[in-house]
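So that you can tell them apart, the chains are marked A, B, C, D, E, F and G in the order they are listed, and the count of residues begins at 1 in each.
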Amino acid sequence: MQFKFFGIGMLKGLAVTILHIFRRPSTSQYPEQRLNISRRSRGNELIWDREKCTGCATCAKACPQGVIEIVTSTDMADNKYKVETYRVDTGYCIMCGLCVEACPYDALYLGYSFEKAKYRRGEFVQTNDELKESPQRPASGYFHPDIAKKLPKQTLLIEKATEKRK
Amino acid sequence: MIPYQLVWAIMLLPLGAFIVNGLILRLFVNRKSPVYGYVTIGAIGLAAVFSVWALISVATNSEHLIAVPDVNWISIGTFNFHIGIMMDQLSALMVVVVSVVSLMVQIYSLGYMHHDEAGYYRYYTFMSLFTFSMLGLVLADNLLFTFVFWEMVGLCSYLLIGFWFHKPSAANAAKKAFIVTRLGDFGFLAGILILYFNTHTFDIAQLHSLAVAGVLGGSALTWACIGLFGGAIGKSAQFPLHVWLPDAMEGPTPVSALIHSATMVCAGVFLVARTMPMFVFSPEAIRIVAIIGGFTAIFAATMGLVANDIKRVLAYSTISQIGYMMLGLGAAGWAIAAEINSGALMGSGEEIIIIAKAAVAVGMFHLFTHAFFKSLLFMAAGSVNHATGTFDMRQMGGLRKTMPWTYVTFLIGSLSLAGIWPLAGFWSKDEILATAFTSQPVLFWLAMITVFLTAFYMFRAIFMTFHGEYKGGDPAADKKYAHTHESPWVMVAPLVFLALLAIGVGWWNVTGGFSSFMGHEAEAGHGFMAVFNIFTHTVNGVPLPLISLLIALFGIFAAYVIYIKKWITAKSIGKFFGPVYDVVRDKYYFDELYENVIVKIGLMKGLFTGFKLFDEKGVDGAVNGTAAVVVRGGKAIRQAQTGQLQLYGIFIGIGLVIITVCVLIWGM
Amino acid sequence: MNAVSYAAQAVPADWPGGYWWHWLFYTVVIIVFVLVMVMGAIYIERRGMGRMQLRYGPNRTGPFGLLQPVADALKVLLKENIVPNVADKIVHWLAPVIAFTPVLLIFAVIPFQNGALLTDLNIGILFIVAVSSISTVGVFMAGWGSGNKYSLLGAMRNVAAVVSYEIPMVLAIIGVVIFTGSLSTGAIVDAQDIPFILVQPLGFLIFFIAASAEINRSPFDLMEADSELTAGFHTEYSGMKFAMFYLVEYAEAIAMSAIITTIFLSGWRGPWLPPWLWFIIKTIIVFFVMVWTRATLPRVRIDQLMALAWKFLFPAAVINLFVSAIEVLVWPDISQWIFVGVNIAVAVIAIGVGTKMFKPGWGKVAV
Amino acid sequence: MTTTQEISLQTEPFVLNMGPLHPSTHGVYRMRVTLDGEVVLDIEPMFGYLHRGIEKLMEERTYTGCIPLTDRLDYASAMGNNLAYCVAVEKLAKIRVPERGEYIRVITAEMIRIANHCLAVGSMLNDAGALGTPFFYLWNEREKLYDLFEMLCGQRVLHNYIRIGGVSQDLPDEFLPALEKFVPQLHKFINEFEFFLKQNEILIARAQGVGVLPKDVALNCGISGPLARASGIKRDLRKDDPYSVYDRFEFDIPTAENGDCYDRYRVRMEEMKQSLHIIDQAIKKVPGGPFRAKVPQIIRPPAGEAYGHIEGPKGELGFYLVSDNSIAPYRCHIRSTSFINLTALRQMVKGWKIADLIVIFGSIDITMGEVDR
Amino acid sequence: MTTALSAKEIVSKLSAEFPDAVKEAGADSVLVKSASLPAVTEYLKTADGLKFDYINYITAIDYYDYFEVVYMMTSTEYNRSVTLKTRCETRNRPTVPSLAGIYQGADWQEREVYDLMGITFKGHPNMKRVFLWEGFDGHPLRKDWNK
Amino acid sequence: MGQAAAFWIMAVVIVGAALAVVFLRNVFRAALLLILCFIGVAGIYITLSADFLAAVQILVYVGAISVLIILAVMMTRGGMQTGNPSNKLRIPAVIVGAALLGILIYAVTTSTWSISMQEPLTDTTAPLATQLFSENGYILPVLIGATLLLAAILGAIVITRENPGNKENKK
Amino acid sequence: MIGLTHYLVLSAVLFCIGLYGALTRRNAVIILMCIELMLNAVNITLVAFSSYIVPQLLTGQVFAIFVMVVAAAEVAVGLAIILAIFRHYKDIDIDNINLLKW
């Protein structure tokens, strides 16, 4: 260690650290202090809209993990597919959002929530109505700009940081 | 009255500059930065102020002494060793000379070393160290310390002569200077040791009183004094150890101005002066001083006549002038020694010491004046070199017009050196002549011839350098020096200052002020008119000052005739004195003598071969014989060795038990 | 003349209830002081470093997270005690104890207030240095006894560092002792009309650095360098024994802060506030400086650590000692304020020159 | 500091098993280190603890379905992996990306470069023993960037944002203003950070002259990225082989001469500045229009092969794709930067101390996910 | 722009130097005989005007009938790249000469290919598995693995 | 009483630790017990009211010498495997040791010591300094001791430094 | 009451233990440790004499300090030699290092 700068380099460092004591910490106190997550958040629930779904299985093909399983029966009356079972093993889901992206009928949404833990592996497998949207299971704005507009604005650390400087 | 701490400061300030420059500043500052110079100049300037103060204090003090408490350095058993300072007239004078000249040289060097590739750093570091050592040398109150500083100035001289060590000539000159002065130093050391074994002291004051009291005397004193004078011969480049000084001119010119003209080379004179109370009790030694001094004076002057290198001219002149000083010391001492021998000098020990100390006034006064004008001359030569790039006088000429300041100062220095009234040299030289005249007429005539020679070669130098046509400077530098110009003010200012001193310092002794300062009884007041009365002054009925002045003027005239008017050309003289000229030009073959005869034949073939034979036959034979006996014995005994240390331990333990038992049984 | 009566000489005679009460009282005081201060230190360090790193630090347990050290202690005490199979069991067991004892012993000679200390030994400072070198034994017992190569490396580093840093540390102390003329801590505090940090700035710096190195504080925490040796000598410790080491670490830091306070910051002396409070405040400030450097500086390497000790601190300490000795010898009766200026200048020059000349040596070796 | 000393006190060499779980091996990486005291005599890297067979998995997925897998390669710079893969597929299927898409790609790629360098520098300093402080400062900035990524694509780390032929979604409205706020703030931060550490003697002592990677060795080992640039190889695919629209931006390639750890740190800091410069220009120039070409969800590129590479944050990141005209790649080889950059580690650390080993390793900046694949 | 050196150009140079090394020249790749691969590479690395001093990647493709080993080199001096290919026809212990002596960067990449594809590189100093443990059954990137 | 108790405790500790140093098979533990023995000796010094010496004992022996020994033990791990075997000289050594011990004890107990009645000095630091450094003290031995230490350091460095010319025993 | 004799006997015991160890052990480090024991025994004697016979003079303590100096020097050189031997032979068994033989 050559003291090229007579130790002034170290003193500079000390000055910086001591000054940081007087700055506001950027940590947020999680359970009490909740930040708004992104409007496009790819949260850990998949939401399926039974009404819009036609059972075309594009989502199942798009899913890289192959976690979507659709069983359809032909409804002769309307000459449409009728979705018998729509089953997603969310334990294997990687929240890539490709299914939402692929769905030609906007019948799939990613969840907005992020605190959904399960106690048993079996509970990860969700079928039909378990996948529906509900107040407990809000939909994310991922690939759905109309929903995104309604969601609260994301809290950004950078905005906090630049505000404070004023 | 100067506080004694400041006396220490005189010596320690340059040391401080050395430490600051050498150890601290180099880390932060580029080696070419002038900051080194400022530090050195500041320190030495302050030292110079203190020195002058000290001189005034000593002069106004009734005891002519400043008491400085000792510092205890080593105390081993009964051997106590003190570091002390002796601040009497001699030291005060030398301190002023050293610090003032050194200050001027340092200022001058700022300009002179400006373009040097080596930069200021090394130069000023060495210079500070040198100044410190020189001040220490003159201030030391015991011979051991004198010797330590003596060697330190030798070292600095070595370093500074070899400052441009990449030049082989400089490196060789440095080595030569170091080795040759070492020869003298052996004598010095031997002298110190003789003194110590006889008196168990190094303290100079004690040695003086012991010498006066007769405790120290006889052959021991004589050999000690001769030893000391040997050191002085080496350091002051006296015959026969003069060969190193002309070569030492390879160093930078300010170094020559400081070390090789004003201070270090005068250390020999100082040493003799310092120990004069011992010398006066040894008539043989003091006679040697006087004779060698007188002989060197004329001997070196002849060589100065033919040298073409301006610095070498000055170097020979220096040797010659130091011979003068030695002559002055020796002559005065000889007289006192004779008085003591004959019993004419009566008085207590104290009084004899004072008289002996006062006897050095003549020599020291010349040292004092010489220091100023000789360093002036060197620096002016350096200034010339600065303008022309060479030291060869045959390449110069006509510089009078372009370098008026240098010319005038050089002229003043030369006149002073030649002993022209009323400049400083006149007064000091006159004293020496007078002393020699009264005591040793032979030496007086040698000195008189020297006066002529001195005036001649100095004005030869002036005429060749400053008059006539400019011949183009350094031929190797490719017209770089085609146009000369005056040196910068940092170089001129010291010249002017020294020139003023070269004019004025001689007047101190016109009314005997210097003599009384050195301890002579004050003469009756002559008043300032004594400056003019000098022409009517006679010694033993002879108007000595007038004669010497005329001789000097004749020397100048001779030079004028030969080198300006060219009525007689130098060539024709050379032809006329052909063989003599050759001998003189080749410096009396001293270099060859040393190199070929003493070193090659004497040492290598004779002594070393003898050593070798002794080593091979005597020493080796004894060693091998012993070894053979031991080997045979060991072969027999080694069977008992198992190599296991612990077995030996057991034996030791058994032995311990047996011894303890024995002690218990029989010991009580 | 026996040991006890000898020790009794060192305590004030007018203590009510006699000499045993004195021992009992101060033993309790020291243990309580160390434990409380360690908890405070842990809290200060975690909060302080947190704030320097844009975090809050622990703030959940109790008001402002003040009970966090207690919670940690509780947690760590309840944890399983794991002893590796290859460990030297006895050595492994004894190591934390041996490391902890000397730290408590140090406080025996630290004056909390005028005369308020367990015993004012007349070799006080030497006692501190001697005793603090014992805790090294604990560290390398831990390193060796664990039978883990990381631990062994950490222990070897510690041994090397302690042997080296003791020398500049002692030399720095001697600079102070020269001024006071006594090794007793009480006398040292008494002598500090000017805090010795001003009279001995270089000595303070050397002592601070050497002390940080000796107690493994960053940037010299090579013995437990977590990015290199996972946790150094206490890699294999858990539960109670780990808690002991944790305690030792902070107790040593507190002890060093207290020593620095005593030697260089005029101990308990100070205006207005009660002396013991001054002592605690100064100790905490010194400790905070340690935290501060820890939060800022990267760790040095072992060879740089050694080079720093031998090539920088050692010469600097010698210079400091030399200058101090000259000052005391030559001007024994002069006001110390003059030395303040001189010594600060010496310190600046020594640091300037030293830093320029200091070369840490070789980094790479040919293999 | 860089002079080499003969080893003077030799003791028995002993073998230290570093990792797979060690505080500073950046994942599950293992080195068998032969030590003589503190001096590293030799190391033998061992990895594969994170091998997930991504190359094999990709042979089973559609071209689009492979994109989430690339996120998991170098999880510290997922966006760069997305981009490299998409560039390769576009080269294979000869798809042109609309202007806006290209600009968005450039912005995100540079953002991820900054984020990655924040992590790289921070963890290197952490390995050097700076106990978190610089790490936290840099991490704070990285969090701000991740906020922006979250706004863009809904996740912070595994972005899965770039698609074949463009990007998955257009920029949200509040994105560009936030980014505009971020750029000057980061500039300010970088200046402060330089003040904090650039002259720190201990850092210089620990990093300067340590782990020198000479230029020729670097080239021979196929080292790329900041590591190579710190050794004096002025090679940057953004200039040398411009993909996307990098040829429209002005920026420098920061290089250094010595190739030691300190230079790598310096190069990364300078690159962050250059990236900010690019982002600045891109924000001003983002055109309107479509952000994604019309590409079907499931594509069948013509049979053939293509190698697409980008200058990832860690260096040259390439995907070598072979197509047999089916919906899945026939073979996909990932030229993973970290894996190849690790090649030189053994040469760099020999003869240094064990503490230097950690710093050198940190200065290479690897992610085990990319090494093991 | 790193221009791929056109195969024709390189083939002409190579066939002048090594008459029977080149088997086939694709649009931007050159297929060389595996036996002459080291010589060709050495030539490409050192020859004037080529100086392919930087190896981008080494990989192998399983075409059932044969394995194709692909090398891509870049010349940092001229900013050009070239893709070399070589084939080994056997599925049982396929062998290709190693380039580890020429490019240090080839060392681990060849080990990787060996590990995952099962192609042995002759002359490699340390032909061991890289990612998978010793004793792993088969080479996973082969198309017939685990079927 | 206090002194007696302290003496006996220390004596038992010292002798026990010393025996353990000699007879333990584990070199590392032997080194640790050596430290214990040194600390015991420091305790003995305190009972003899040599407080300065006790501190120096701990500082030098515990802080430096035993630490060095342990460092050497760690560095020579190869030698550690063999433990602490004995050589063939056990019986002669026992005889010599016992004889020496007997004679010493006999000598010590039978001698009459001219025990002074003065109290020992308690603050020994300053008197020791005076003894060591004053003019009539032991300044020369101190200097010689310093020279010895310097020589020892230089010797240690020279010995442990690998001979640069001797390369063949290097890996 | 504890007298001078006690200390001297303790010292003698310690010395003889050290002597026995130094004579019988084969590990060079242990031998060095035993030598340290012997030196300590000597120190105890010196300090005891100092304390009991010339209590005001401290001469024995001074000598004890010199013994410590010598011990420190001895350990430094001794360990250096042991390390050098170890490096050369990979062994510190004194019995195998009998270079002193012839």
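To be clear about the criterion, a contact is a pair of C-beta atoms (placed from the backbone, for glycine too) under 8 Å apart; a residue touches a chain by one contact, two chains touch by 3 or more.
These numbers come from a predicted model, not from an experiment.
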item: Co-neighbours of chain D and chain A - touch as defined; value: C
item: Leading chain pair when contacts are tallied as C-beta pairs; value: F-G
item: Of all other chains, the one whose Cα centre sits farthest from chain D; value: B
item: Cα-centroid distance, chain D relative to chain F, in whole angstrom; value: 59
item: Whole-Å gap separating chain A and chain B, where each centre is the average of the chain's CA atoms; value: 95
item: Numbers and ranges of chain D residues touching at least 2 other chains; value: 1, 6-12, 14, 37, 41, 133, 137, 140, 200, 202-203, 205-206
item: Chain B: positions in contact with at least two other chains; value: 644, 646, 650, 653
item: Chain E, residues touching no fewer than two other chains; value: none
item: Sites on chain F touched by chain G in the complex; value: 3-4, 7, 11, 14-15, 18-19, 21-22, 27, 30-31, 34, 37-38, 41, 44-45, 47-50, 52-53, 56-57, 60-61, 64-65, 68-69, 71-73, 75-76, 78-79, 82-87, 89-90, 92-94, 96-98, 100-101, 104-105, 108-109, 113-116, 118-121, 124, 127-128, 131-132, 137-138, 141, 145, 148-149, 151-153, 155-157, 159-160, 162, 169
item: Residue ranges of chain B in contact with chain C within the complex; value: 23-24, 27-28
item: Contact footprint of chain D on chain E as seen in their complex; value: 1-2, 53-57, 59, 61-62, 70, 72, 76, 79, 83, 103-109, 112, 116, 129-133, 140-141
item: In the complex, chain C residues that touch chain A; value: 48, 50-56, 59, 292-293, 295-297, 300, 304, 307-308, 351-352, 354-356, 358-360
item: Residue ranges of chain A in contact with chain D within the complex; value: 1-5, 7-10, 12-13, 16-17, 20, 26, 37-42, 58, 61-64, 94-98, 101-102, 110, 140, 142-143, 148, 153-154, 156-159, 161-162, 165
